[in-house]
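Per-chain residue numbering starts at 1, and chain names A, B, C and D are given in the order in which the chains are listed.
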Amino acid sequence: MRSIEVKNRTSVDDIKGLRLITALKTPYLPDGRFDLEAYDALMHLQIMNGAEGVIVGGTTGEGHLMSWDEHIMLIGHTVNCFGSSIKVIGNTGSNSTREAIHATEQGFAVGMHAALHINPYYGKTSLQGMISHFETVLSMGPTIIYNVPSRTGQDIPTSVVYQISENPNLAGVKECMGNDRIKEYVDGGIVIWSGNDDECHDARWGYGATGVISVTSNLVPGLMHELMFHGMNPSLNSKVMPLVKWLFCEPNPIGLNTALAQLGVVRPVFRLPYVPLPVAKRVEFVGIVKAIGREHFVGDKDVEVLDDDDFVLVGRY
Amino acid sequence: MRSIEVKNRTSVDDIKGLRLITALKTPYLPDGRFDLEAYDALMHLQIMNGAEGVIVGGTTGEGHLMSWDEHIMLIGHTVNCFGSSIKVIGNTGSNSTREAIHATEQGFAVGMHAALHINPYYGKTSLQGMISHFETVLSMGPTIIYNVPSRTGQDIPTSVVYQISENPNLAGVKECMGNDRIKEYVDGGIVIWSGNDDECHDARWGYGATGVISVTSNLVPGLMHELMFHGMNPSLNSKVMPLVKWLFCEPNPIGLNTALAQLGVVRPVFRLPYVPLPVAKRVEFVGIVKAIGREHFVGDKDVEVLDDDDFVLVGRY
Amino acid sequence: MRSIEVKNRTSVDDIKGLRLITALKTPYLPDGRFDLEAYDALMHLQIMNGAEGVIVGGTTGEGHLMSWDEHIMLIGHTVNCFGSSIKVIGNTGSNSTREAIHATEQGFAVGMHAALHINPYYGKTSLQGMISHFETVLSMGPTIIYNVPSRTGQDIPTSVVYQISENPNLAGVKECMGNDRIKEYVDGGIVIWSGNDDECHDARWGYGATGVISVTSNLVPGLMHELMFHGMNPSLNSKVMPLVKWLFCEPNPIGLNTALAQLGVVRPVFRLPYVPLPVAKRVEFVGIVKAIGREHFVGDKDVEVLDDDDFVLVGRY
Amino acid sequence: MRSIEVKNRTSVDDIKGLRLITALKTPYLPDGRFDLEAYDALMHLQIMNGAEGVIVGGTTGEGHLMSWDEHIMLIGHTVNCFGSSIKVIGNTGSNSTREAIHATEQGFAVGMHAALHINPYYGKTSLQGMISHFETVLSMGPTIIYNVPSRTGQDIPTSVVYQISENPNLAGVKECMGNDRIKEYVDGGIVIWSGNDDECHDARWGYGATGVISVTSNLVPGLMHELMFHGMNPSLNSKVMPLVKWLFCEPNPIGLNTALAQLGVVRPVFRLPYVPLPVAKRVEFVGIVKAIGREHFVGDKDVEVLDDDDFVLVGRY
C-alpha cells in the first residue's frame, strides 16, 4: 500500500537531525472531540518558537485515548496544514501488532514523515517477539523506537535495538532509561533523543544525544529550543527545572493538561482517566510561571488558578 | 472541530466553477487493500489530462465497500499529494446521519475541498428528514448534493434543494434525473453537474450545466475534457457514446473496473460484490478501444482480453 | 469460525415454519444509545402475543443506523434473554460483501438462529455479483433473502433465488414484489414471507405464503397473529388496513416510531435521518387506535398526541 | 442501557464465592480469526474439570490483540453456549475510560456475569483519576478489579480499593502483589483471588484468598481444582510448580500458547507480537508433561515437540 508520492518526501536523515521535537498536547472541545482551532494555535506556537518536529498522539497527546480513525485524521490534518514547516511524527505504535501495522500504513499514506513505535506494553512479549513486532513496521518508513519501561513494564534492551538497526529506516531511539544508556547507544552509532526533560540538557551536551522529545516544550518552546541549540547552559537548565518537576508530579500529561488550561491556550477539558491537578498544585504553577517569566510561556492571557468547577471531565465522547 | 487553517483554503466559488470532475476508481492489491501506487498513477493521469476535480470514494470509487478509516485515509492521502493540483471532493455521505456527520467532519479536517452528500438511500426518510439530514452537514464546508434515484430509491425533489440552498455552503447538485431537471435548476440559479455521461454533452451546452461528474473520464480524460471545455462537439460525443453504453451495461463500476484492468493501469482485483464483465464484453471493449483510438485512453500498455483466471475476487480484506 | 455448539441449535426447518415474524423497533435513550429496558419490554409483548420470530436490526429496527458492534451486541442480547422463546433472526446483510461476511459470522457466533440478507443496495451489482455475494454468506447458517426493490433500486429476480436455493441453508425469501411473485415462488417450492403488511393476509391464505415479516405487528401483535394463524379473516384484515396505510404514509419506520412513542412504550427519541410524523398525522393515529381498540395495541398507557417539543432528534450518538 | 433481564441473572455474591476461575486461552485459525470449535472444546474441558468461572479476553486470552467487536462477540458466544454452566467474566477493562465504558456496557448487555477491570496501564493516571476511572464502570454490574503492576507500570494501592469498595458491585480483587497484600485485604473484608499461580495454594489456605484466577488451569484444570477445593496439599503444589515455572519463563501467554499447541488442543497459530518458545523449551515441556502425567493435562493426543515450521505467526488478521 505504499505511495511513492509520499515516500519520496522524507528521508531517514531528515529525521535523524531533529533537535527539538515536541510531544504535542491534544486539546478538546467540551464534548470531548478534538478542538482543532486550539490545536492549530499550539502548532503555530511550536513552529514560531523553533520546534523542528512534533509527535502526534503520543502518550502526551493521549493517543491511547483516541480511536484510530481520530488518530489518523489528526496526523493527516497536521501534515496537510503544517507539514511543510515541521516534521510530523505519528505515534502509530501499539501493543497489538495488527493495530501497529494498520495505523502505520495509514499514517504514512496520509503523509507523516516518521512513525514512533513502542514495544508491546501491558501484554508484553519475549525479545524475539519484540523484534518481530518492530520488523513488521520498520519497512514502512522512517521510524523512531520509544523505550519507557515505567509505562510499558518492559525495557527494550540494547541488543534488540542493535538488531533492528540493520534496517535503514531506523532513525533512532527515544530513550528514557537515563544518560548512561544514551551514551552507550551514541557510542554504538545510534541516534538518540532523550525522553526525560529533566535530563535532556545533560544528554544533549554531555552524552551525545541529538536532542529531546519534550513535554515541557509545549509550555516553554523557546527555552527548550535555547537548551537544545545553543550549547551548554546550566543556569537556564536550572531555571526550568522547577517547572519540569512540577509537570511530572503526577503521570504525564496530567500536569501539562492542567498547565495549558491555566495559561488559557486550551479549554479545561479532560478525557478520563485524566483529571486535573488539585488546587494547591494549580496555585504552585502560577508561582512557577511568575518565577520563570510569563513571556516565556505559550499564550498571552494571564495565568489563572482555575476552580474545580471550571474543568470538564468526559468519559463518553 | 473546525480548523481555520483548513477552512481558509477553499471557497464555495472554487467548487462552483469546476467543469470536469472525475469519480475516481479505487485500485486494489491482490489482498484487497488499496493499491496506492496505482491510485497515484491514476491521479497523475487525471491531472495531466485536465480534470479539475476528483470524487474520492464515490460509488464509482466504491466508497460503500470501504471502512470509514480507509475512506478518510484516502481523502487525506489525495489532499496531501495532489491537493494543490486538483480539487478533492470526498464522498462523505451516508444513509446514516451519524456517519455522514463523523465522516464529513474528518474529511474536512484532513483538508478535502468539498463534500459530496447523498440522500439517505435504502433506509430512506421523509422530505423533512432529508432536509434535516443535509442540514447537519452543510455547515461544515462546501457541499455538492447527489441525486441518483436509481440507486437510492428516492428522488431528491427540487423543493428540498431550494430549501437547503439558503445555506451558502451549497455548491450545487450532481443530478442524474435528466436534462429537463437540470434546466429547471439552472433557471433557478443552482449550479449543476450532470451525473450521466451519456447526457453530459447536451447538459453542458444545451441545458446550462456547469460540467460533469464523470465515470468515463477515468478512461478517456482528454476526450471528456474536450467535451466539457471547448464548445459543442456532437461528432466527438457520438464517437464516445459506444464506450459510455458499454461502461453502463451493468451497474457501475463493473464496466470501469473491467476496462481499467484490461488497459493494464490497475490490477485485475475486485472487491465483492463486484465481479468482472464476462469475456464477450471484454472482447467488445478491445474493439471499442481500437475504434476510438488507444492513444485517447489512459495507460500505455496494449489493451488485453483478460482470462477469467486473471481476476482476483476478494470478500475478506 | 463455526461453533458446533451454536450450529446444533437451529435447523433450517425451524425457520421455514415461522408464520409471524416481527421486524422489531429499536428504542433509544435520549442520548441515542439503545434503551434495553424498553427493548426487553417490546420483546415480551411480542412473545406474549404469539410472534414466533423477530428480526433484529432490520430496516424497521434501523440496522443501517447502528454501528456493527451495536448491532451484534443487540443480536447477542436478544438471543441471550429471549432465544429460548422466540427465533432470533439477525439482519446481518450489507451492500458490502465484507461487512455481510463479518457480521453474519459474528451473528451466528452469538447464537442467532438465522440471518436476513439483502442484495447489494445502492452500490448494486450484476446478477452474477449478486449470486457471489449471497454465496459467501449462505454457508454460515439458515438464511432468509430479502427482496425490496423500492429500497435497493434492484430487483432480485427469481432466477437468482432458484440458483442459490441449491444451498440447503436457504430458508426462504421475504418478498415485497407482490402476491403474483409470491405465488410463482410457492409453486416452485420456495418458502415465502410477505414483506408487505397490506398484502399479507391474501399472501398467506390465497397465494401460499408461509407468513409475514411484519412492521404492523410491533403495534398490534395479537391481531397480526390472528391474521396469520387462524384462517381467512377479511373483516379483521379490513379493520387493520387503516392502521397499515397510516404506518406507511412516509418511509418506514417513521410511522412506527411515531406510533410507539404515542403509545408510551418507547421514549420519543429519533435517530436522524428519521423525524416524527407531523402533528396532523399524530392526531390521526389517535383516531385509528380508538377505532381499532386501544386494547389491541401494545402498552397500557393512554395514547397521546405528543407535541413537537416532546421529541428528541439525535445526530451524534 | 441496562437490561433488567440481564441484571437479574447474577448477583455479586455469585461472583464472590468462585474458587477456580480460568483465564482462558483464545485459539485461532490459520488466518488469525477465532477458532470457535477449539474454543468450545477448551470450555468443555474447563467445565468438566471443575472450573467455576472463566475470564474471556484477559491478558491470557489476548484481549489486547482483539478488536472490541471480536471481544464482545466472544463474550456473547460464551454466555450463550456455556453461561448456565460457568460464570463468564469479560475483561472489558481498558486504559481508555471511554473504551472501558463502551465495552462494559456491551459485555453486560450480552449477558456476562461480571467484568474484570484493570487500572489505566501505559497511559497511567493519578490516584484520583484511577478512582474516577473505576467509578464510571462499577455501576454497571459485578466487578473484579485487577492489580498487576508488572504489566501496568502502576500499583493500585489498597486505599483506592477501599474507596471504591463502597460500591456494592465490587466483587473483589485479582491481586498479583503477593500474599502479604492479600492478607491485608482479607483482613479488611475484601474478597481476593490470587493472580499468581505459584503463590495461589498458599494464598488460598494460608492468607485467606477465596481462590485463584489461573493460567495454569488451562492445562491442568483438575489439579488446580484439587488445589483450590480440597484443603492444603503442599505435595501436589510442589508437583505442579515446575510446570508453573516453565509457563512463566517468558511473558504469559507465550508459554501457554506453546503448551496448548504441543498438547494438540489448539492449532499452532500465534497472533503477533507473540511467538512460540524456542525448541529447547518445547522439549522441556514434554518432560514436564511426562513427570506430572499426561492424563492430568487437557486433550488426549500425545504431547509433541513441534517444529519451528509448524507454527503460523499472523500480523494482519
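Everything below uses one rule, namely that a contact is a pair of C-beta atoms (placed from the backbone, for glycine too) under 8 Å apart; a residue touches a chain by one contact, two chains touch by 3 or more.
Bear in mind the structure is a predicted one, so any value in this text is a computation, not a measurement.
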Same-residue or different-residue interface between chain C and chain D, half as cut-off: same
Inter-centroid spacing, chain C versus chain A (mean Cα positions, whole Å): 50
Intercentroid distance (Cα basis), chain B paired with chain A, Å: 39
Numbers and ranges of chain B residues touching at least 2 other chains: none
In contact (per the touch rule at the top): chain pairs: A-B, A-D, B-C, C-D
Chain D to chain C touching residues, read off their complex: 1-6, 29, 33-37, 39-40, 68-70, 72-74, 76-77, 79-83, 106, 109-111
Contact footprint of chain A on chain D as seen in their complex: 32, 59, 62, 64-65, 95-98, 101-102, 120-126, 128-130, 132-133, 136, 149-154, 250-251, 254, 271-275, 277-278, 313, 315-317
